[in-house]
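Both complexes shown next keep chain A, but they swap its partner, so chain B is in the first and chain C is in the second.
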Partner chain A sequence: MEDKDTIICRCEDLTREDVRKLIAAGYTTLEEIKRISRCGMGPCQGRTCLQLLVREIAEMTGKDPAEIAPAKTRPPVKGIKLGTLEKGREDHE
Partner chain B sequence: MSKNTAEVVIIGGGISGCATAYYLAKLGVTDIVVIEKDFLASGSTGRCGAGVRQQWGLKMNVLLSKESIKAYETLNEELDTGLDIEFKQEGYLMLAYTEKMVEQYKKNVALQKALGIEVELITSEEAKEIVPYLNTEGLLAATFCPTDGHINPFITTNSYAEAARRLGVRILTFTEVTGIDVEKGRVVAVETTKGKIFTNKVLNAAGGYSREVAAMAGVKLPTHPERHQILVTEAVAPVQGPMVISLHHGIYCQQAPHGSFIMGFGDPNELKEHVITSTWHFLEEMAAKILPLLPPLAELRVVRQWAGLYNMSPDAQPILGEVPQLQGFYNAVGFSGHGFMLGPVTGRLMAELISGRQPHMDISPLSLERFEKGELLREPSVV
Partner chain C sequence: MVETQLLVVGGGPAGLAAASAAASLGIEVLLADEGLKLGGQLVKQTHKFFGSREHHAGVRGIDIPNLLLENQDKVNIMSNTTIIGCYEDGVLTAVTGEDQYFKIKPQRVVFATGASEKFLSFPGNDLPGVYGAGAVQTLMNQYGVVPGKRVLMIGAGNIGIIVSYQLLQAGIHVAAVVEAAPNIGAYLVHASKLARAGVPILTRHTIVEAKGTDSVQSAVIAQLDEKWQVIPGTEKELEVDVVCLAVGLSPVLDLLSQIGCRRKYIPELGGDVPFRDKQLKTSIDWIYVAGDTAGVEEASAAMVEGRLAGAAAAAQLGADSTEAGKIIASCQASLDSLRRGPVGAKIRAGIAKLEGGCCKCLNHQA
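Let's turn to the complex of A and B:
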């Protein structure tokens, strides 16, 4: 399958070709690629794409995947409705 | 490091630093090094609410933001990097809930109009036409400026950086400044984790860390960090044009062009330290503040929360200019939450100053000396 048909980030519809272009342009950390392309910022919270992205960076930069710093993990672990949060506040007041 | 001298060293790879580097290079000063301790826009710029507005109560702020928004309107063409800054220019709707606020907004609108801003004081019914699901209970009036909006801070900063690099500027990311050498009242070098750079001109554009950077040069700045928290929801179809701001509730909420909602509130009890962790308290308070105003958002899932630092000055206005006692040390600091929206004008003004030109606007009221003289500026419309 070609790079332009291989999806890396399903939430943001980014292909292998898209991310490889960014790495070639000098964005070689997860944090930078995340911010410039939104890779990993979708509802899956980066659980699928960031692993794949590490592999792409490793392959293109020649680094060991273990040397590539993970992206900052941000709460919440799963999406929570604003309405649920508001209710939760009322409950413990 | 390939070369250990530079005409100008800029500390901070956020919007102020990258924009100044670009405009300086455009003026012909290309021997510049930008030093960023992490990646570009990793600090206050990349953590901000991404709103840009011209609806201020101080003439200086209206003029600065008007020029910035004009510049942002054509920035993609100007920088020509192929990056799109995602300017969604669908306005800011500012809500007024007290008579006092209505009076202030009337004054603000008169001032803004006199300075050429397209803005109106509108009724609560008119506000509801702009944001149909706005709960207008208790709303007395609002102001609306259609040319305010949203811009992507990461892409904007990277685009400025890319354009600056094209003109010869060197940008060192993942490099930290560890010291600033001063001799006989002037700057002589900047020490970094990647070596020493000899220079006679340094711009402090370090955002949340402005005070600490200035201290390295022996300059005492009256700025301090203050944490502000934000959340973002899952993306949905476009339903909200403008940023909705209520200074009464201290909240702001905007739908980014990508579809997600970004929101935050000003919390007087926030930490005034270098802390950028997120709290559960913020999520609940944010939900409780925003849902009475924009009820349908209850169905949206929060996918992420984060925090960043405002770099506060004593009067919540920026400090721009050269330090009188230290030749060659310039500050573009203390933006107090509005540094991103002022990026282009900050960049142009600092570029003019650093290259020895007369700034195209009188920015002497924004000097560091104003605090000693007691000439503080007071902006009535801040979150």
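Let's turn to the complex of A and C:
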């Protein structure tokens, strides 16, 4: 399989090759890979890529997917403009 | 701050049923949905449902939202509204349209946020022409746009088979349906229609690669052995301009995970699933789940779960407990009947795993 032509994270343009290099270098949790590569931090917020990433980690570390902790999610669940937040604050005052 | 007794997040089959059940019990309901039109995935389901009359058999999916909204005047509907945050003090934040940001303080919440499509990793998986089945349905059934001329469908579950048939109806060639499992997952009625139209359904097959320079021009498929590995030498190249992925769904849990609802990885239910008791209450007392969010099934079960969660939340909010109890009991019986038989075996196994693991954190209702 051509890992450099296989996309894991479309938003941040990370290939299977990129991800497997990170896992081989010792980044073996979703949180670590997210922080070092931005995998899961684009517009889809990980809905597409994180499951593929879990499979890669499971395959390379021999862990069961159930043992791989999910990544932390924080508000907002989708991109919104800073101006929208600012306007919301004014409306509440 | 908007205050309400019950907030329902998501206006698909589960959310609509939850809002309608709670409103029928006299509860003040706010329904927030991110779409412009209510119905969730139902707005693309142009085919007739089957099963029993109780589950809207014979009715086209697109007509079901209206049936579910018979109590609409008692439900305050906010379309084009996304709930973007859920906080421990019981406040949720929302955005309507592009720029209206506000807070909601409900007494109870039903999350019916549905599921997202799974993706596959193979070379060429980001070429234009690689679609999710949901996108193909949106293009064709909502906007009347065909995705291409020749399609390779990946996945022979209900979605893959139904979308393949709809592609044929739109005059598009379906080169093949491939399925990694040894059996077809879809109802036989649908799969037979497709087989009679001459579309090969290849079990124990997968996609190896999508090829093309600027967009998909062909796809390579191959046979799998019993350990799900490609058998060398079985590769075949099909001339297609669309690869459609229908390889399953997983629950959308981002809001539940923000607030720390307990969850468990259960592949039978689509991946990470929130713990919930028999009345669909999560590990957090004021939060309920229904539909695919609570574990991926299909629309009939989602509607029953919605009704169940709506009635259970209403009972907690002080609605007539006899009336609410009747709805809860009838929904639980209805779910049992939907999950009966070989078709429901996987769902039953998944739910058993979920319930087996939550005795410490939830008070089970009999």
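Methods note: the second predicted complex is superposed on the first by the 92 of 93 C-alpha atoms of A that agree within 3 Å, B and C clash if a C-alpha of one lies under 4 Å from a C-alpha of the other, contacts with A are read in each partner's own complex, and residues count from 1 in each chain.
In the analysis below, a residue touches a chain if its C-beta (ideal position, glycine included) is under 8 Å from a C-beta of that chain, and two chains touch if they have at least 3 such contacts.
Because the structure is a prediction, the values reported are computed rather than measured.
Novice: Return fit or clash for chain B versus chain C, each positioned on chain A through the superposition.
Specialist: fit
Novice: For the overlaid structures, how many degrees, to the nearest 10, lie between chain B and chain C at the C-alpha centre of chain A?
Specialist: Approximately 140 degrees at the chain A centre.
Novice: Figure out whether A:E31 sits in contact with chain B (first) or chain C (second), or with both, or with neither.
Specialist: Only chain B; A:E31 stays clear of chain C.
Novice: When the two structures are overlaid on chain A, which partner does A:R10 contact: first (chain B), second (chain C), both, or neither?
Specialist: second
Novice: For A:L52, decide between first (touching chain B), second (touching chain C), both and neither.
Specialist: Touch partner of A:L52: chain C, not chain B.
Novice: Looking at A:V77, would you say it contacts chain B, chain C, both, or neither? Reply first, second, both or neither.
Specialist: second
Novice: Check whether A:E2 is in contact with chain B, with chain C, with both or with neither, and answer first, second, both or neither.
Specialist: second
Novice: Residues of chain A touched by chain B versus by chain C: which partner has the larger set?
Specialist: Larger number of chain A residues touched: C.
Novice: Applying the document's definition of touch, where does A:L85 land relative to chain B and chain C: first, second, both, or neither?
Specialist: So A:L85 meets both chain B and chain C here.
Novice: Looking at A:G42, would you say it contacts chain B, chain C, both, or neither? Reply first, second, both or neither.
Specialist: first
Novice: Can you give the closest approach of chain B to chain C, taken over C-alpha atoms and in whole Å, for the superposition?
Specialist: 8
Novice: Shared contact residues on chain A, chain B side and chain C side combined as an intersection?
Specialist: Touching chain B in the first complex and chain C in the second, residues 45, 74-76, 80-81, 83, 85, 88 of chain A appear in both lists.
Novice: Show which residues of chain C lie in contact with chain A when the two form their complex.
Specialist: My answer: residues 1, 82-87, 93, 95, 98-103, 116, 118-126, 208-209, 250, 252-255, 257-258, 263-265, 267, 271-272.
Novice: Which of the residues in chain B end up touching chain A in this complex?
Specialist: 38-42, 46, 154-155, 158, 233-235, 258, 278, 280, 283-288, 290-291, 297-306
Novice: Which residues, counting only chain A, touch chain B once they are in their complex?
Specialist: Of all residues in chain A, those touching chain B are 29, 31-32, 35-36, 38, 41-43, 45, 74-76, 79-83, 85-86, 88-89.
Novice: Using the touch definition from the top, list the residues of chain A that touch chain C in their complex.
Specialist: The contact residues of chain A facing chain C are 1-2, 5-8, 10, 16, 45, 47-49, 51-52, 55-56, 65-66, 70, 72-78, 80-81, 83-85, 87-88, 91-92.
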